[in-house]
Amino acid sequence: MHRFKLLGALLALSAAPTLALAQKSPYADYQRMAAENAPTELFELAGEELWKKKQGPKNASLERCDLGQGPGVLKGAYAALPRYFADAGRVMDLETRLLYCMETLQGRSREEATKRAFGNANQGSEFELLSAYIARFSNGMKITPSLSQPKERESYELGRALFYHRVGPWDFSCATCHGVEGKRIRMSELPKLDDPKYAGPLMATWPAYRVSTSKIVTLQWRMNDCFRQMRTPEPAFGSETTVALIHFMTATAGGETYRGPAIKR
Amino acid sequence: MEIRRRNLLKAAATAGALLVAGLLRPVAALAAWSKEAFGAKNLADAMKSLGATGAAPSAEIAIEAPQIAENGSVVPIEITSKLAGTTAIAVLIEKNPFPLAGKFNFSEGALPYAKLNVKMGETSEIRVIAWAGGKAYSAHQEVKVTIGGCGG
Amino acid sequence: MKRTLTILASATLAACAAAPVGERPTVTAADIDHVTRVMKQDFHARGQATMNRLELDEVQRTCNLYNDQPPQDVAKRLEEAQLKEIKIPSGSLIGNWQNGEKIAQNGRGTMWSDKPGVQPGGSCYNCHRIQPKKEAYGTIGPSLAGYGKTRGSSPEMQRYTYGRIFNSKAYNLCSPMPRLGHAGSLNEQQIKDLVGLLLDPASPVNQ
Amino acid sequence: MAAGPMKMRAVQGAGFTDVRVLMSHPMETGQRKGPDGKLVPLHFIQNLTVKVNGKVVIEGETSQAVSRNPVFSFRLKGGAKGDKIEVSWLDNQGETNSTETAVA
């Protein structure tokens, strides 16, 4: 990922005022303490078991899954996603890639594997638990989603266009809530996600343990739930739409140091 | 790390699921659980059950908790007693339906310290009682609780 | 999309990686159609959220095309058309402010997760400060605390307030506020109750 | 997660050993409604025991006010590499679990 070193450094500089900004939040102490004392590790442990568990028609584990750094390589994999995968012929984020591996390595059908894409407090989904486990291996590393391939630039541009696209009965776009600085929905602060200053700290902390629902939440879930609140129909798990939005926001956060899995309200 | 799961008692618990919780008490009673103090519905009653009525205010008890909690379902608190010979610490959340959240007895070998996450129904004082030399001492700190969300 | 992509490909890497802060992409009609095409292929109907919700009306299309800043003449023409669609009932528009408060607090309704047939709320507190004493309010929209105190409750003000809730786009084409009446989310009585919350001198909004 | 796995780490600090233990447990208050609209029965950890090399050093009693998936940190005096730490819990429905680790 050396080709983005300079870019990363530049973006890191522009993200520097973020710390001071975070300290201004009345919840800064709460968020720091809750993060230190979050039960995230429990979910990572469950994710590790799933990574190594043989299942599906091929009775195979995911241990040979190539997340972009070679088969089975977890270190730094999450921080370098989304990216283009030649074998699949498309850009994928972590969850979409995991689904691809479930289909190819384990021989599972897309329908079966995504039947329960999002879990609940009693039982997290495979994608949620695996995400928590895999993301940990990128902790402390710079976020460097790839943008060198034409398909990657296409995905980024699609995500950017989607971000501002107003649609649905209430005329919302992502930018309606996440395109202006310093706004809140109720008491929740809204990060301006087309700005590295806000996208950096935000994207650096997904996936996360969500305190209000006692489970790991992932970016695919976040996209799904934002569209729900935008009152649109439902996007398919791992679709071009959700991956493109994740790609756009992750690229905007590029250069930030990944510090998840973290906690969310 | 080794994980051992002991489900010996689970069958009994399942069988007893239809029975009132009180009938399961004999099982739990193998280890002491201060039923009366935990069942107290206000601070005064809980303090009385704990034998801490009139506990002397002490600056030697440190409570680290956020001034404002974004979500009352997880409020991290860290408690330390610097009183020499501290044998136990209790945490009470004044406005909770049942104020007593926990009590920890420390023997030789453990420091009088605990960090845990508690639930808070609303903005409330957190009161910490420490016992040292047979006497009870107390300290408190307020935590404001925001219950936000879009309702969606 | 194609056009923007060509520009990008020739630009420097840094420009590809992250667009200049706050700068929105130049949008063409073809770009908008492309996004709609992708969404139609990726989304499926769920519950009451049917696929026709992905179709854009002229207001949405215009706001997307001009990044929420349409030329004045375009905006004016569409605002007038939206204004004509607002059906303002006759008589007093000041409903029950207590009911209005419940509607303003209620953020449910019209999502795929909501039970069909259940009357939606207005989600007003998500974006506006309303009763000065209620602390859990959003800031995307302006504060409405004291709304009626400064404006009075003349029939004219009642009609304006009703219309603004019914279809905010009739007054400001690319306003972030949903067209709550126009979209069929809130009914006549609910909007009257919200007008009551804002204009009734007895409402806590005006205390 | 439902009642299940535990995880523990014991790390030597400045003059003490920091023990952090995580437990999967719903910690139900008995006041929350489940998806079926019925109240979910009271289900919470009541007792917590920390042992060092077989000797009890901390006995904790807890209520339903402890958050779901409890995380506790305790501090032990001194402590040497290899000391065996054991933590166990018992809940109001009679379920129990334990885990052990060596000080690192």
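Going in written order, the chains are labelled A, B, C and D, and every chain counts its residues from 1.
Operating definition for what follows: a contact is a pair of C-beta atoms (placed from the backbone, for glycine too) under 8 Å apart; a residue touches a chain by one contact, two chains touch by 3 or more.
In this text, all values refer to a predicted model and were calculated from it rather than measured experimentally.
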| item | value |
| --- | --- |
| A-C or A-B, whichever has more C-beta pairs in contact | A-C |
| Most widely separated chain from chain B, with each centre as the mean of CA atoms | C |
| Mean-CA-position distance for chain C and chain B (Å) | 46 |
| Whole-Å gap separating chain A and chain C, where each centre is the average of the chain's CA atoms | 28 |
| Distance from chain B to chain A - Cα centre to Cα centre, in angstrom | 36 |
| Contacts with two or more other chains, residues of chain A listed in rising order | 37, 185-187, 214, 228-229 |
| Residues of chain C engaged with two or more neighbouring chains | 111, 126, 135-136 |
| Junction residues of chain B - those touching two or more other chains | 73-75, 78, 115-117, 146, 148, 150, 152 |
| For the chain A and chain C complex, residues of the former touching the latter | 3-4, 6-7, 10-11, 14, 147-148, 150, 153-154, 156-158, 160-162, 164-173, 176-177, 180, 182-187, 190, 194-197, 227-229, 231-236, 239-242, 244, 251-252, 254 |
| Interfacial residue positions of chain B with respect to chain A in the complex | 64-71, 73-76, 78, 115-117, 146, 148-150, 152 |
| Parts of chain C lying in touch with chain A, wherever the complex brings them together | 1, 4-5, 8-9, 13-14, 16-19, 21-22, 24-25, 27, 31-32, 34-36, 38-39, 41-46, 49-51, 53-54, 56, 59-60, 63-64, 67, 110-113, 125-127, 135-140, 169, 176, 178-179, 183-185 |
| Contacting residues of chain A [partner chain B, same complex] | 26-27, 29-31, 33-34, 36-37, 185-188, 211-212, 214, 228-229, 265 |
| Chain A residues touching chain D - in the complex, by the definition given at the top | 37-39, 41-43, 45-46, 121-124, 214 |
